[in-house]
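Would you mind keeping the following structure in view while I ask a few things?
A, B, C, D, E and F are the chain letters, set down in written order, and residue numbers restart from 1 in every chain.
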């Protein structure tokens, strides 16, 4: 397969997962400087790895949530929480991932991830 | 529920997941000094969090693999790779988690996780 | 002991340490979704581990500051800096922890922790 | 050499690298509490380690960018991106460091570093 | 104060804390290449930061254990566990630090730290 | 360009950098299971990112050493220390990277990196 093809099918998948507007905004924010990174994301991440099909999309989303929360990447965690909602994950499933996180990466990681999840999942925040 | 009950059902689950011998060995290795930690593991991790049922055991195992590999805990990664095999995860599914890891946590994390996975999954290592 | 009792005495300890308002705000912010995590925090962290008494509260606070700064959890570092003040730690003691941090986790970790400490300890910030 | 001399030549180097205003602001922000940390930075980091001359300043800047991005210190990454510009690093060189980061520390680390680099390097951000 | 004096008093403190043989072995293992790093350790860490006296040595040891365990430095954790024993910390105090670690950095960090602590504290390991 | 071409030129570059035997051994160790990861390494890392030419190979090696030491990947640090020697980096240059590491990531990271560097650079270890 040609690398350009890999890139194009990756970009298409990415747009399907997150919406045209969100993807355009992320790509635009990094301008010229970010083009080679966007190529990595489109061609190699979404064109290759996300094209594999051993796991259903919802399971991949839960795996990504676990990975991004454990590695302390809050922006990416937010993106993949949004992807999880789109891929049909229920709040209870996401919650269970974040409770495993509390026990295996500690309470502060779980606190941070909960704050983002509550924001993405849209529950009213009452104090 | 009584805390002792929580502990006992947790220990039972842990033994079901990893086998009596492996659990006894892990508990014994830390002796008296490790008793309060073992209580945390048995009562709170396995008695409470692992008792939740929003996710099937195989999905939990994949989530744990993602989390332990992303947080760079090789010993715990090995334990949960063994649990994944027991919970019926196929090699292709584990591989897909570790390829997402390569893209989102970097090649060195994926290399390390692959070495452990190859060892646990029992593929002959030929050079 | 019943798990509910463990929870209640933990919540009481937490309120004693951080004040009713701060605890209510933290619990409220995560709503329904955060209830199981709050149970972990109240029952297992504050009801069990913080109930142990081998270390005086001020020493526990210094240990927590070291741990949260080393693990790069700025929000939790702030909470435990506030707890340290309440537990009677002097600024010189906190400073010494953060200078060990500079040598053993590097200058950027110490810079970040100093920014939060200066904010919590209330020194006027003059440029 | 006297420690005070080490400090003074370090502070001079730091001012040469980042400008008087930026250094004064950083020192002032941490006030009395931050004095011993500033001594570490001036005397030991800039007075000793940065005084070594096996590597040209531009190479040191690229090394620092790699180190701060890999260790997830966004504030320090920004400071050393500014230092890199001052030391004559070209955007293409910084970009290449951040693309190695994408492959070896993962896409989220590279995304975060790109956002800061685009901001420091002054490219207009169009969405 | 002269930097050489800072170095010499630091080396003396280090030898007092860990014994002549252990320090000589650590210095020797890194040879010529390691001399500037040993200077940092002797002069800046032990000559300056460890010379401060706001915290008693036993508290510093507990803080160091928390920091090294949270930052996943097993070799340094071992060194400071040995220092803690020398500084008079009791096993119960170390245990309490490691139980806070379990809750705030997760079970795998605590497991790893327990393995090293059991080894240093000399409890017979029975399976 | 075809993805297979990207892969082949990447594999060639990798063999040039580390030698046929070392590359074959690394590929063989992960067997069938590791094939997709090896594709990522060959095609995307060495076929694309390492093919860029804004930085000379020796500078890339120093950047990789900084990155792998800061991210605590000892196996990959060893590989890139070997690559650095092959790319003509002098011991003094590597040493200066590791001294920056001591100040900006802390003494334990620098200790670990020094141990590996001394081993790769082949200095006799005398105690």
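Basically, contacts are C-beta pairs under 8 Å (C-beta built on N, C-alpha and C of every residue); 3 or more make two chains touch, one makes a residue touch a chain.
All values reported here derive from a predicted model rather than from experimental measurement.
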- Message: Using the stated contact rule, I'd like to know whether B-F or B-D comes out ahead in C-beta pair count.
- Response: B-F
- Looking at chain A with chain F, do both copies bring the same residues to the contact (over half shared) or different ones? same
- Message: Taking the mean of the C-alpha atoms as each chain's centre, how many Å separate chain B from chain C?
- Response: 29
- Item | Distance between the centres, which are taken as Cα means, of chain F and chain C, whole angstrom | 39
- Note on the structure: Multi-chain contacts in chain A, i.e. residues touching at least two other chains, fall at 36, 40, 44-45, 49, 52, 68, 71-72, 76, 95, 99, 102-109
- Item | Residues of chain A touching chain F in the complex | 1-3, 6, 36, 40, 44, 48-49, 52
- Item | For the chain E and chain B complex, residues of the former touching the latter | 72, 91, 95, 98-99, 102-103, 106-112, 114-115, 117-118, 121, 123-127
- Message: Looking at the complex, which residues from chain C come into contact with chain F?
- Response: 103-109
- Message: Per the contact definition, I'd like the list of chain F residues that touch chain B in the complex.
- Response: 24-25, 28-34, 36-37, 40-41, 45, 68, 71-73, 75-76
- Which bits of chain F are touching chain D when the two form their complex? 44-45, 49, 52, 54-55, 59-60, 62-64, 66-71, 73, 76, 90, 92-93, 95-97, 99-105
